[in-house]
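As structure tokens, the structure follows; a few thoughts come after it.
Note that the chains are named A, B, C, D and E in the order they appear, and that numbering of residues resets to 1 at the start of each chain.
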């Protein structure tokens, strides 16, 4: 266990950024978002405020180029006989240039336990067969420095999913950190974490492992007081497809849903993407970008399928998180970060959905 | 995927001198969709066209790009050429590499590069072209004239003489309009009735003309060639087929003697009975009962006219009748009126009966008028010895009191009035206050000079500020003589105001029904001020007479003839070809918000409840529908449409964006 | 006066009056209406030309400047919204402004009360220039 | 900057939307009168200035245009009577918005040019090119993906 | 509030309306959600307080298609949107029973949350509540003034009058205390570089979630042009420099002359981008160039962009 004064964080950050890219929460136009560290960027309040988007972009960016296609034309003077000059087929060649994979290490600082769990969810999808090379490369080169939640908010409910926001060292992070008084405690967990620590050792002072005990206890007690941490997941999970899919609760609660992608895009675990082509100056760029199952044109096929109404789309998102994903990977794909709870324009969210089903069950029970 | 052929023209040396034609061919060959590229000395020549036709056949081309002169020059030629080879003519695009490239650039490399870019844009566009078909719509061979004044009469006669059926709708009980109120006409001093009445009779007797007098247009639907017009025939209370026009009823109507109902025709200078013909020569010569004033209709008592009618034609039970008739063309000839003078208090028009308007003077001088043609003051029935004419009353006035335009006819009719008065009563003293005397017409200035030189009418350059009725019955006129720089205070017996003309009040309603546009002054707008002066921008609507702008009788008659020719030209066609580059609405995307209809200058967009079926959609809702016969393809609707539902065929959103893209490559 | 000075004054008159002298079509209705016509050297219908031609000096030194009764007849009747009454009034203001702070004082009025000066002028001038 | 200028002169890319009836014909007249203007101007023919959707203009900038000019019939002369009046309002608002977002005013322009005004067309294009040239490459609206 | 619930219950019970669009109590102190109540019994969850900022007029588009009348609770500023939707034939007036609910300004939870984490309860936000609201959090309690927590849009309130209604419930207050165009003018006064930097900074946060579009009552297109594969404008990526600006400029342009300045776009933006600055710029320009115009004030009025005068100013003479 190490420690560093919080007032010296900027020195730490620039030291890390010297050797590799550093991604961390940055304050920009009044909002906290993960971004690349630059000299002079605003890091005021980044230790205690929740970012709008999760850190998922670091491994699975909202937009990324997959490859470029270009057309090459053989000049007339390189032709063997004149007749070929007019034959476009002979003279045209298409070349495909794949985008290079991430090949340099980078550090992502300030992820919370829930965010790290989110990465774990993404791993299930992208690192199992068929493996997503772009994601895999980023994952291999990324070093996660997680931060314990000093001030959990009322929208937080990660503990419901068995996540401990007080102790990121239990997560899949490479380094765990805590705010203790005026200092940041730093604890490498993995080899990658150790290596990073070594590079910056000169800035760190050593500390006792017990230094963070009080902070862990404090966070745990705060979590206990938060309203949503008592949420019950009974009735969700593996094997509940038919029961939940056919429930009429969806119809009752979906109406306010605007079909926007806010919940999807702030979510640490949503992993759907669309692949599109863009005509550039001299070729075609194939890229992928996040997509939202809430959008009316999500996986839209020529025949008008897949989901034609907003209630279907609405159901899909929550069924995926709470039923389908557990079915397939044996874990929920919600991590209780509360971002959708904070950001939904219509104040609709996964907590309300779970509660609505709970009420329904209670009422059904009362009626029997 | 299209199979496009690109043909680059040398145009002799016009293009080839600055553009490396061979290089253009070499570079565009590899554009997407291009399967063939060639150049030729003169693409538009017979041989050049043969080459194109041969290539279309040999390479099975589906689209053509011709890099040559401006499409305004030869687009039609190349389209016809494509059609000859069995290709849809709208699969042809022209890249303008002469007027907009070779002729303006000197640097060969630069010009060649630009030519390639222009060609690429055209190729990109053709890739998205779709075959378009010219539509056809049938033509109903019948015309409607709204308004039965001299403009309407002349238009109707000319169309009817050409062998087409014409209907005239006139609001008043008789046709004839303003001209029938006039005494003489300038500059020849013909008697107005003498030249108008025969025409009115001719209209009445013409086998191809149907008259709807005392009738109004209630509603118009349809489009050029196919209008459906609802006409309300107001109840006349007199059976048209039974009435002989003997006039007994008018003479016996008790209200006639009471003198309470002012005659509209005589501008209130005398009264009329409740059952009346507006004037003796009315066509049709059938009276109407004015139900507002008729004692029978007010109290249920009287019934004199029915009792004395020798042919039992009076029918109190008659009701308004609405007929719907189909027309191929509509002419608006709604004419004019003079402005209300209430706002010009300084001229004392409402204070003194001896201050009159020029139209009232016409009635006073007309032999069939209230005074039998004897000019007298309405106050004391004495003959005026001194008369002041005031010009430009409400004309050329830029505030809300009057009209900003020149009424055009006043200078001439005032000269006419002055001379006629001097002719009859030579010792009358006449002063005309004018701002400018405008006489641009054949024999017009001569006419005006005669008033000055021969009749010694006193023309004063200046305006009258105030007319003050005096206790002795005379009028004190305060004006100015600008040339003498003196203020004039002058006693006179009568003041005649040349009040500004304005379009008939009803025109606004009619224009709305027809979706014909009107300007700020309610005059109907022409399709093009210079080149299409008798057509409305709305197809199938034509303009005749004062409704379009101030004009005198000869001008009105010639415009009437012109409108008639345009109508005949339209009716002579069995089918109308419609421009295929029209707007098209995709009901899947249409919100039915009406934005497009608000900007359409042709009223070509209507809304209907349609069943919309598509992926995940099956509902009935309000969507825009473009009438291809009316749409002229301006595309205003497409840029107004927020959802992109409205698109223009031949210049679609994607076609233009793809041109932008390829230019910016 | 230099050309710029004249232009400035013309602009000022336009601004104060809110009228556009170029709109005048020389119909003379103003002069035909003016009760003070015979007292004036420059006639109401000429005001616009004086301003258009930049002859501000003659206009402000004319008798008319002080003869206008501000009766508003020309303003009411002008068919072109040139409104000579407003123009001449603007010219008067121009003169007043150039005199600096030397505005009319209430106590000066009795002295000015001679038969030549119309009462209306005094009243309106007093109202306007006192502040 | 001055050193760059010496090396390669900056050539702006200018997209001109011309209505078929007046301005396109005016451009043709400029051509037949041999009144030159820079080859940087590329004309797209549209039926009416009222056809120009604001998206086309933004698209041009997105794709790397340095200036966009819209030419139509003089107000009152529109072949379709009113198209250019609507265009005038649309463009006034759009350009004002671009200005508001920090896109230089000089990169956008609307000019009314009749079929008889070949001289005006050519002068306008020369002026506009000069102006855009002086502003340099448009960097504020281009899409990164379109950079060479 | 009970009065309102009673009235709505009566309307539902006597068959005047078949359903009610209002707000349903949330699971936290500040998150009521728009809701369609179908039974009198369900109205027990109805709530109307300072957090009911959502503009419900857009929900009437779908409700207009349903059988019977729908009672809809509209605040004064929402009625402008409703009028505009009538003008565009998107809602059917006859199918709506408009309850003009009173409003004393709505609260911005983001402002309240600033420095107040772990909120457990907030009281005093009802229409007839106090000038101060009481916030209880797990970290401590605090009072703040209602006025200080208002949404930005309420500081430029359009007025307390409902433009259209069948009946009014509760009193409204005009909460305007700032110049409507002050923010726009501030930006206008910047140099082009500053303007660009300002918008770049704000818009680079955009995640293209489309919340602004989907909540906007003027963005009522069945299918947005940006979702229309036929237009070539469809792009989901929030990519680099241009994209998000294109989206926001065009969106603002499409609602120009139709936007009532209801401020929903800015309220819902998860990244807190002041999107109203675009719309308000257009409104300011329209007012300046073509005369004052307030969309939704009069459902008969012609929108400035589908209208013109011969003397309109030229694009180059904007000044």
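Some observations on this one:
Please note the rule applied: a residue touches a chain if its C-beta (ideal position, glycine included) is under 8 Å from a C-beta of that chain, and two chains touch if they have at least 3 such contacts.
Quick caveat, the model's predicted, so the values are computed rather than measured.
Any chain bridging chain A and chain C, meaning touching each of them, is among B; the list is complete. Without chain B, contact groups among the other chains are A, D, E | C.
Hopping across touching chains, the smallest step count from chain C to chain E is 2.
The chain pair B-C and the chain pair A-E differ in C-beta contact count, and the higher one is A-E. When chain centres are set by their Cα atoms, the one at the greatest distance from chain C is A.
Per-chain CA centroids place chain A at a distance of 67 Å from chain B. Inter-chain centre distance (chain A to chain D, centres taken as mean C-alpha positions): 44 Å. With centres taken as mean Cα positions, chain D sits 36 Å from chain B.
Counting partners per residue, chain E has 223, 225, 231, 233, 239-240, 305-307, 310 as the residues that reach two or more other chains.
Each of residues 278, 281-282 in chain A touches at least two other chains.
The residues of chain C never reach two or more other chains; the list is empty.
On chain C, the positions that touch chain B within their shared complex are 23, 25-34, 37-38, 43, 45, 73-74, 76-77, 79-81. Within the complex, the chain A residues that touch chain E are 28-31, 33, 52-53, 62-63, 151-155, 222, 225-227, 255-256, 258-262, 264-266, 274, 276, 278, 287, 289-292, 295-297, 341, 343, 345-348, 351-352, 355. Of all the residues in chain D, the ones that touch chain B in their complex are 13, 15, 20, 24-25, 27-28, 30-32, 34-37, 39, 42-48, 50-56, 59-60, 63-65, 76-77, 79-83, 86-87, 90, 122, 146. Across the complex, chain E meets chain B through its residues 65, 87-90, 220-225, 228, 230-233, 254-255, 302-303, 305-307, 310.
Interface residues of chain B facing chain C in the complex, by the touch rule stated above, are 346, 392, 394, 396-399, 401-402, 433, 435, 461-466, 478-480, 482, 485, 487-488.
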